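Labels run A, B, C and D following the written order; every chain starts at residue 1.
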């Protein structure tokens, strides 16, 4: 296959599937849905991975770049590409959607609509990770919203309308911040030149004053960068979500059906971290340099706050949702670890953040799946009304226990690597944040084990519908086992992920460092001139 | 010219006050007519007199005043006022038929 | 095979057993099948064999360091798994695998009541019937052994941390083995969380050292620390961080509270995990890190150890639970080890680690034997007089008691050696180091006197334990008790032999010699003066005498109170101390649990509630408030259309009304306000425009 | 008007072909009237005539595409301007008319009576055509008189249309309110035009800037307004009239009442065609103030731009806030059009500011953005009102709550409605997003140079979020809320016909598929903007 077309195929195959599902009879909707998702997964792994490693990166470290004219008047191009930052997330997306689709197998209400929206969502997510053009990115970023709204709103729990609109409002507010920032940068990047550009790669060059060709010498002033950075950060903090923008998450999770929760936690939150790495930092390095410490601090606050709030929850799903807030805090922590003097630690922070995203993608998917399995059977999520599941559903509980350990950051499981690496990386940059994050592991253990104790341990299940507590079906076991196996594999040998991210992260950090350095020199120069003038 | 402008301004004020204070729809419409007439006065005046206080450096003579345009405009205003009045009366009649009154204050049923 | 290869094989061999145990429900679905146990025992024994081979093959004091694979690496920062093999590693390997072998074999017998589909758990009011979990236990056990060996083999701090957490998790699983019992689940959770408090510190220390050094390999850390390349801040944070981890893992003050509760696990677990190996991990790590620890940290270690020794010993005096006594005793003994490490008695501390592992696991296994015999009764007040029913166990226990008390018969020599068991030698080494240290630093005299007193207390509570259990008239729970089967006795006897004779020769013997082959050199510190070797040797004699006197006094008191000649059953003999408030206080472990609950647990939970409440009320409230506000404004806005124009154009309205009065008509109403608003706005805007543009 | 009479014939020859679509509209009106007269209604229903006329006019307008770009010209002795903008507005308005006529045919409005001779058809279609004509004329007015005529042409029939539902109290009241307010606005505007004419001595827009440039703005005292003051007052009064047509706050009061009272088909048309024309007129009028000489024009236009930005911000905010509380779909959409006008005005503001400050890029971007937005808006609003009309035919209600559970009963209509609403929010990949993006891009392009514009764009962004609240209330009713008890299962009204579906799809397709075509459309709007400027 033409490697360039591969990315387009990955992005739009689910959309095609969505159209097909919408037109097909309801009975076969799930077959088409699952088939499409599986095909997409195969594309992201069996086809994309070899192609990725064969391809040679371009000047900006991107591979398999597809570039086509789209909207001439705005200089919008249809540009897709993949690098080490997006590749792990793309693969994760394929996987989580596959597992989630398998979890959705028994959705009986309006299956056609469900599967169409489901597939559309996948297009949005994959496209967001692969887009290199800001306009395309934004469009696909927003394409995620509507399906999510309906998936929560139509197939959700009793309070779904509230949760859905809350999710939508928060995210839309964020995405408009993003839009404003993007348009500002778009305008600023074209000032003095004929054409503004939406190309992330070019814009990032321009932002650090390293534009080439017709953009040579164009820079984006510090004020614009600062404003744009905070706007973009705001968007992604909401998406991530970081305290205090996180309150949409527990509601959305609690009301969303299980597969949607899996996707939301497993993939959608990662868009936040990805956006910071891909947009907020490279497009506004000067603003970012000033704000990195706050990112770090917000990460620490999220970790502690999320964990504390999780500790107070009695709803299983809400607890897991807050644990997501806490765990995504480590992503922020890593992302905020700008150690200018020690670029290696800086790189470690970014790599750790990406790894944490992947790791959390697996553990949170698993945890939400675990909740869903229970909810399917006994139709409640009250932690205090479980118990004894290790006895009643041993396989389920064992896997659930394993997943909980992965989530609380036990070495050998995937949660640990991300947490440890981000804390290590954050230490030189911001010891207090790192220390706070380290203390977060106590709280994490606290609420996780408290949950484990009340749900899995104990003598007997104490809630209603005891007779429904059947063993895991083969399908459920397979989903859970795959997640667990991945958690172990990545925990024991995380190198593959780091190896993939390293060149991209290295390049990113180097360019950011250059930008900050160049700015400092410029300022020094100005000071000297000012001094001379005096 | 100034005199005409003052007259038209007075007419305008009367029209607006009439629109704002008359309870009867027909009265309100008469206010509108007054306003339009104020405009007509201006047009006719403008046709007759050049633009005041403009340091005229424009080449062509006919550009100084509005000329015939003003008078035609006044005519059009009259015509349109008539057309509008016709439509307005029809609507007021319909309203009267439904509400039994031409009191504009009765038109307060549409609320969000 | 090279030494590292042997040890790596030894590390991962038990993993086979773990897999076998965890998957036995599929390949051995029958419940009355010990296959998993046999596989596990074989694996761990094989592990021991490999470790022993490696120890014999190892030639020389030079440590062997190596890297397995990198978790994360860049030019300036490396996180990896790798090994660091020296005499300490090898000793620990042999120790862990040997004790584990014994425990594993013992457990084959101890857990035989799990070999059924209808295991009855008597700890519930209504008897709980559940399928047995024989296989699972061995799975966990092997998993633990792997994790422990992984910890011990670790060539860098990160690797150690990995093992550190893994043993914690295995400990969680093992404590929670009887997860149906609420107490077991709670104890497991408590153990893990308390450990995590220390681990958080560990993580911070790790971060500080990693940031300072770029990697955390022991070799390079020691080199850098020795060469003064690491900043003092990094060393201090690193040192205290690591210490925090060790305090948690080794149940040192102030994090000792989890260990007594951890006795909720099966007794073999207590023997292996919570006395011999895992809890010794903290001591091991302090020992391992000694070359990179600054004086402040060492002194803190000494004082914490000193405090812990006493804090552990006192409650042990009043415990009525067989395993509870042993647990507090473990805390106390671990304090000894820490103390020794702190007063630069590197060899002494680790020496005691080894001997303690043997005699304490011996005692736990004996206790297990008693517990099985007495149908899971472990309250010493209900025991008594078991000497006759279980002579072998009693004898073995006695060996342990003598060993831990550090009793010896001075003057009588056997093979040119004072007639004594292992504990005597190691405790003697510790005391002499402490004495030498206090002589060199008189300000720290307490570091000698407290352990000395504690030595007496140790003898006292141990004799009490033995006396209440085995001597006297039979207690209420001893009906039908009989000696345990050979599968349980064999490991007990092996361990008894080791507890008695492993330390033969004292600090001149082979064990000490091997252990200290790669001993770090005693550094010089600004804070205190390290005693010279000569001073230690000199102190030896005094310390030996004083230690013996203290132990002898304690033992004598114990014999007097609880000796075999006291015929009353245990409960009667223990009764005198039952109800005093101070006794209750001490028995509950100085009330630490209550204090922590009030000062740490409650506030944290409260903070959690506050956070959740903040979410609900403040953050969500703000959002909702905005929404409500918007809705209000909207309603307001809507009424603008119909009514508020009245207000907005009140001025115009008044004007109009004025004119209206003039014309004899005063009204107010909707539509006209529209028009008035229109006119007002038009005029107003015009005026505004003129002002702005022309003014 | 001392014109050279010999120039009349060539002028006529030039103007007539360009004016062909308008002539067709006129012819249609005449034909509609004639059907009634000669009783042809029996075999030639008014709807068909209107449809034929509108289709023909639209087709003709489309055919004029190329010419206007190459050779913009004045027509009718300078009364109208025939350029790219004219053609664009003409196409859009006539298309809107055509689509509305189609919709009325589908939804059966006006209700066919048993006696064809008594048919309401002509009564309905004549004003409809007249509004279309007025809208088209607004897009090309190049003369103050023409401006007034066009606005009245679009307004007066609209009063009739709003009041068309005979015997309906609501409609009567709506029409009366619209009428009174509209008449007032027309009066004010006319007065403004007369002031301007008096001060500058010309009625021709192109000459206006030249004359205004002669008036120095400096030194004007506010208590002595004099000529400059009169000129400014005239401009402001005219703008007030246009703001009325655009239903901008505070001249929007008529909108909710009229849209609630009128038929959804009429509301849809009234919210689209006159608005497109009025925007074109606003741009033309605004630009005419900017002469090639002097600073007066610059200052005027900068001031105008800032005023537009402020007005845009106010309109958006007020429109959105007011829409929150609405329960009636028509009223809700009416407030939505108020807010949407605000957003579109932002582009115009950018355009004016750009011209005033000599920033050509900004001006082009702003105008192109508005045009793009208007195009999207045409389909979005027509689609939304069409869906409302079809729902109304089934449920006989127009409140939000009546939609509960219809998402699954009438999936096509509901889907089309949802698409329109999503587009109105401005979410990708719909056309609404494209319009919003283009406008925002222009408004945000210069943070330092025009902070007010930038701030207005930020307010617009915030408003977009807020608008989600009410745009999604119908969607929520459609899909998330269960059908009310007792009615579930039972079909409501006659099933949705295939042609209705086809119509809705026809409207939804451009909304959804705009992204692939964006390149062409964007280039087109740019070209028009450049041509106008």
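Observations on the structure shown:
Please note the rule applied: contacts are C-beta pairs under 8 Å (C-beta built on N, C-alpha and C of every residue); 3 or more make two chains touch, one makes a residue touch a chain.
Heads up on the chains, UniProt names are A = NADH-quinone oxidoreductase subunit M; B = NADH-quinone oxidoreductase subunit K; C = NADH-quinone oxidoreductase subunit L; D = NADH-quinone oxidoreductase subunit N.
These figures come from a predicted structure and were not determined experimentally.
In this structure, the chain pairs C-D and B-D differ in their number of contacting C-beta pairs, and the larger number is found at B-D.
Taking each chain's centre as the mean of its CA atoms, B is the chain most distant from chain C.
A summary of chain positions shows that the Cα centroid lying nearest the centre of all protein Cα atoms is that of chain A.
Taking each chain's centre as the mean of its C-alpha atoms, chain A lies 63 Å from chain B.
Here the spacing of chain C and chain D, counted between their Cα centres, is 75 Å. Once the centre of each chain is set as its mean CA position, chain B and chain D turn out to be 24 Å apart. The centroid of the Cα atoms in chain A and the matching centroid in chain D are 42 Å apart. Each of residues 16, 19, 28, 31, 104, 107-108, 112 in chain B touches at least two other chains.
Of all residues in chain C, those touching 2 or more other chains are 638, 641, 671, 675, 679, listed in ascending order.
Touching of two or more other chains is recorded for residues 176-177, 180, 184, 188, 256-257, 322, 325-326, 469 of chain D.
Contact between chains, as defined at the top, is found for A-C, A-D, B-C, B-D, C-D. Interface residues of chain C, counted against chain D in their complex, comprise 627, 630-631, 633-635, 637-638, 640-641, 645, 671, 674-675, 677-679, 681-682, 685-687, 689-695.
Residues 368, 408, 422, 425, 427-429, 433, 437-438, 440-441, 444-448, 457-458, 461-462, 464-465, 468-469, 472, 476, 479-481, 515, 518-519, 522-523, 525-526 of chain D touch chain A in their complex. On chain B, the positions that touch chain C within their shared complex are 16-17, 19-23, 28, 31, 103-105, 107-108, 111-112. Listed in rising order, the residues of chain A touching chain C in the complex are 166, 244, 246-247, 250, 305, 308-313, 342-345, 347-348, 351-352, 388, 390-391, 394, 405, 410-412, 416-417, 420-421, 423-424, 426-428, 431, 434-435, 438-439, 441-443, 445-447, 449-450, 452-453, 456-460, 493-495, 498, 502, 506. Chain A makes touch with chain D in their complex at residues 69-74, 76, 110, 135, 138-140, 142-143, 145-146, 149-150, 153-154, 160-161, 164-165, 168-169, 172-173, 176-177, 179-180, 183-184, 186-188, 223-224, 227.
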